[in-house]
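Down below are the structures I want you to see.
Two complexes come next, and they have one chain in common, chain A, joined by chain B in the first and chain C in the second.
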Partner chain A sequence: MLTYTLLAGLLFGLYFTLIGLGLNLVFGVMRIVNLAHGDFLMLGAFLAFWLFSLFAINPIPTIPVAFIVFLLVGFPLYYLIVPRLLRAKDPEMLSFILFFGLSQVIQALATILWGTSERSIPGGQLGRAVAAILSFVTGRTVENGPVDIFGQSFPAAWVASGIASGIGVLLVYWYLYRTKLGYLTRAVMVSRDEAIASGIDVDRISAIAFGFGLGLAAVAGVFAPFLLGSITPAMGAEVTITSFAVIVIGSLGNPLGTLLGGLVYGISYMFMQSYYSSWANLLPYLLLIAVLLLRPSGLLGRQTRRA
Partner chain B sequence: MFGKVRLGLSIALLLSIFGAAYAAEAPKEIKLGTLYASSGRFASISMPVHYGLKLWIEQKNAEGGVFIKAFNKKIPITLVAYDDQSNTATAATLFNQLITQDKVDLLVSDSGSVLTSVGVPIARDNKMFLFDQTGTGSAFFTPDNPYIALMSDPVSSVWPKPLADFITHDGKSLGIKRVAMLYSTNDFTGTQATAVRKFIKEAGTDVEFVYDQGIPTDTTNYAVLINNIRAANPDAVIHLGYAPNDIAFIHSLEDGGVNFKFLFCIYPGLETELLEKNLGVKPLNYIFTYVTSSEIEYEPNFGMKLKEYKELWNKKYAGGNVEFGFNSVAGYNTGLVIEKALSVAESLEQLEIRKAVFSLSGKLKTLDGTFELDANGAQLGMSTPIGQISVDDHGHIKFVTVWPHDVANGKPVYPRP
Partner chain C sequence: MHKLGRDVFLILVPVVAAFALLPSVYSNQLLLFNFIIFIVLAQGVNVIYGFTGYLPFGYVGFFGAGAYGFSLMVLHLQAPPFLAIVVGASAALVLALMLTPLFRLSGAYFSIANLAAALAVLQIVANPNLEDYTRGPYGISLSGVFNPRLAYAAALAVLAATLFIVIFLRHSKFGLALQAIREDTISAGMAGINVVRERVIAWLLSALIAGLAGSVFAWYASVFYPETVFSGEFTIFAIVFALFGGTATVVGPILGVVILYGIYNAVGISTPQYFQLIYGALIVGLVLFLPNGLVSLVRRWGIDVP
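So, the complex of A and B:
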């Protein structure tokens, strides 16, 4: 039971890492809080749902589609909203209000379009794709169904989301530390003003980071029907709050902190479910309060936010 | 002397004229105030109830209104409805607004116990009678509160009795001794869990609870919980939650390849279409559930039959995003109870409305079953037998009623294949 709880916590934590990564990237680069982050995740989830419902497209190929679509959506949305916001006296605080409004608009439109009821994708769909991939990689036939990890059986969707999350973390690190764009992005993260003074096209860099953040949210959304049971247009707010707690626990603006925050959250949540199940949903808030009291800059926080 | 008599007669005549005029001064409209949740956790059980009630209002208004005995005429109904977004704090504010600002004549709750719970004390404090649509929490119905009555569903302290009886009677021959129960900690399923425990204990059999845990209502992740239940090696698993809980729970079972020998969930019977859309039919096969009025054809003595109503619903909401299910029936049933009560109430005073509603107890039969209240307004009728889902060769869901025996139409399949 202990091993299962720990492993489930790791996988669940990795999923919340994936959710938090985009939110943290946007905050790190622009110093704004995208309160509509969970709503973009919801849109990604509905994209996967509709592609499956209408065209029987498996959620696995939907992952790159969702990432690219939302990456592209991010560019015009950035230029429409963010530069104006950053010219304000207190963009960090104003971003709360603006993105809260955007969240409400997205939620209302989604409700009009898709109704209020829960929607989901049968779990076997993802399992089938995972089995096919594992069969291809290992060269032997892998049955569709749960995946064994250290003798413990987990839904294929959990393993797939864990892998996707790992890829997401590596992708963010590769982008930040192995590409020229990432080098420039880190410059903006350290000091926007100095980056402008150095001749960096800050808006272009920020727009890419914004699109990247939305793309990661949409990818997390593809897994939502499996990890969160079902999806509704109203699910975004709760997801945003939890992922915000995750990135604050880890450290705002630090992708590695998001990984740590996600794992701390996931493992603690699963242990709470096992031993104090009635109180499990209080956990993100308890962790958030504890971290803010004991280490206000987050578990991996420094006095100056690192890039 | 003659002058005094003439004066007296004149006064009597004037009084009778104005008195009659006053008594006959009927309002132009009857304001019906209610709440609904267009988003959030309870939207999927709230919107069908709201649509059902709206359907009744539209139907009555098309006929010129609802007949009010107090004015001996039909009066149109004006619906004043606000969206509480599944939020209890918002619901509390809006209940107050309906009573104090809109001054509604009839107060109808949102669907479910969680959103009804905040309305109960507000209605009582304002001396407004609350038509509780589906809020079955037993704490709502107390001797000191005459301002409430439950329209549909048996009160949760009574509702699960058939389930407990099935386990302690038929379960014995099936070999069910070890029971695991997972429930959401809210007025609805929390009360049901308490009732299941009580009824099983009272039966005095050797059935024991090997797992008994409460979880927050907004739980979406069940993998660890299911693993813990499995570790307890139960013969039967009872999961008591709202529709999103059931979807996530069954989804998790399916994804994890876990098959319990006996599984009971509430919503496969209440919102079958919704669960089928989310999960497909295979994961629902052999699940035990309540068989509700959206599946059983009751013989009503007032209002239309289930088949007619379903046709009307499908015509009205064809292609919509709200599925037909028990809650759709419940909303319409509320309208029927209101209609019948207004046809016998002597006035629109709130306690007179209560008296009229209570006078229907045991007599009114709608498409939802027999309306029967206890002294505190808790519903004792509208019972739901225990059934098991059976998927036929064409992939259609059917309900095999297994308990009580007098209404059973089949035998339970145990263990689940």
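So, the complex of A and C:
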């Protein structure tokens, strides 16, 4: 039971990291709060659902599609809203309200288009793709079915989502710490003004980070039907809160913190599920408040958040 | 202080009188009641957001605390409704006191923590393990004290009290101090304003208003579920109405409710998603083009709006 809970927590923790990463990137670079994060995730989930149910496209190839589509949505959206917002008196607070409005628009449009019914993708689909990839890589036939890790059996969809999330997280770190653009992005994170002063095209960097943020949300959305249960147009709000819990536990604006936050969140979530399941839903809220009050800068943060 | 008297006679008295007289000519009392509740809630948001700049994204927590404080008194102790309203309001005040540490957080963090707090209270109240105390997710039924006429009258009293609080804030030194804190905390502190104390008082006032509204709502509705009185829509509507009209004014939130909630009742009830679309777009538009609400249009012509 203990090993099972820990391992499941690890898999979910990687996924929660992926959920939080996009939000944290946008906050870290632009200091604006994307309250529509969960709704972009919802759109990603619906993209995966429709591609699967209309064209029988497996969720795995949907991942790059979702990322690129939402990256491309991100650029114009950035130039439409953010520069104007950043010139305002209190961008952080105003962004909060503005993105809330955007989240309502997305949710309303999704409801008008797709109705309120719950939808899901059969869990075996993800396992099948992974089994196929493994068979191809190892040259042996790998059966689609529950995966055994340390003698514990997990649904293949969980393992696949956990691994894919882990790869996604690694790619983001590679981008941030090993590429020129990532280097510039981190410079903007540290100080927007100094980045402008040293000749960095801050708007371009921010637009890319914004697009990445939405793209990551959409990629996390592709896995949502497998890890978060059935998908509905209204699911976004809850996801946004969860991702806030994750990035606040880590620390806002610090990408490494998100990984820590995701793992802490995932493991404690699984422990609550296993031992006090009726109170498990309380966890994100209490964890969020407790971390904000006890260590307002997050587990890996510097002192920045005091009023 | 003569401005305070002017606003009481030109705004408070006519609004309360209108809602007192309308039921005799318009039969849908429930709708009028909802208008009152939303004016009260929008003004409650106005007290804390308009005057101090803290956006209470979990404002409905106080409304729900009021509703449940009221209902539990009636259910378990068979208290008379007016005593139960006092208890409901106190429940909201206690919750607000518990949440005062959140003021250590700035801006968006405060809002998020407040939202998390409201959701946590909902999760506790609606937990099936507490069925003996709160009826858990199965909801409350208060048929014993059901009395819409009296509950409507109580709502009018709450409306009058709320409008008075906002008019007082608009024209008193206290309200001015709050706005000074909102604009520049450090300078306000230098000018001798006790920043922490004034903020907490505004917060408690705002929670009190929501607690009263929640109690009266519970009495009038008399049958409801935890999701009804902790519904995020109360928070959202109250914030949007207040922003649309214009915060830190008396007439702004009233205008917001009358116009937007009017539209909502015309198109929103049959097709809520279209209303959601409209107000979502409205919020985006407001933040980008009219961050100070409708009243700022009038202000541009140099007219002072109370």
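We take it that the second predicted complex is superposed on the first by the 303 of 307 C-alpha atoms of A that agree within 3 Å, B and C clash if a C-alpha of one lies under 4 Å from a C-alpha of the other, contacts with A are read in each partner's own complex, and residues count from 1 in each chain.
To be clear about the criterion, a contact is a pair of C-beta atoms (placed from the backbone, for glycine too) under 8 Å apart; a residue touches a chain by one contact, two chains touch by 3 or more.
Nothing here was measured: the structure is a model prediction, and the numbers come from that model.
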item: Combined model on chain A where chain B meets chain C, clash or fit; value: clash
item: Contacts of A:241 with chain B and chain C, given as first, second, both or neither; value: second
item: First (chain B), second (chain C), both or neither touched by A:102; value: second
item: Which superposed partner A:119 touches (first chain B, second chain C, both, neither); value: first
item: Partner chain(s) touched by A:111 [first = chain B, second = chain C, both, neither]; value: both
item: Touching partner for A:289 - first (chain B), second (chain C), both, neither; value: second
item: Which superposed partner A:5 touches (first chain B, second chain C, both, neither); value: first
item: Which of chain B and chain C A:274 touches, first, second, both or neither; value: first
item: Touched partner set for A:196, first chain B, second chain C, both or neither; value: neither
item: Overlapping segment of chain B (options 111-119, 255-263 or 291-299) - the one that collides with chain C in the superposed model; value: 111-119
item: Common interface positions of chain A, toward chain B and toward chain C; value: 107, 111, 278-279, 281
item: Residue ranges of chain C in contact with chain A within the complex; value: 53, 55, 101-113, 115-117, 119-120, 123-124, 127-129, 185, 232, 236, 239, 243, 273-274, 276-277, 279-284, 286-288, 291
item: Chain A-facing residues of chain B, complex; value: 37-41, 43-44, 46-47, 85-86, 185, 213-216, 218-225, 227-228, 231, 243-245, 247-249, 251-252, 254-257, 274, 277-280, 283, 320-323
item: Touching residues on chain A, where the partner in the complex is chain C; value: 33, 81, 84-85, 88, 90, 92-98, 100-109, 111-112, 237, 241, 244-245, 248, 278-279, 281-282, 284-286, 288-289, 292-293, 296, 305-307
item: Chain B contact footprint on chain A (complex, rising order); value: 1, 4-5, 8, 12, 107, 111, 114-120, 122-124, 127, 145-146, 153-158, 225-230, 232-234, 238, 269-270, 273-274, 277-281
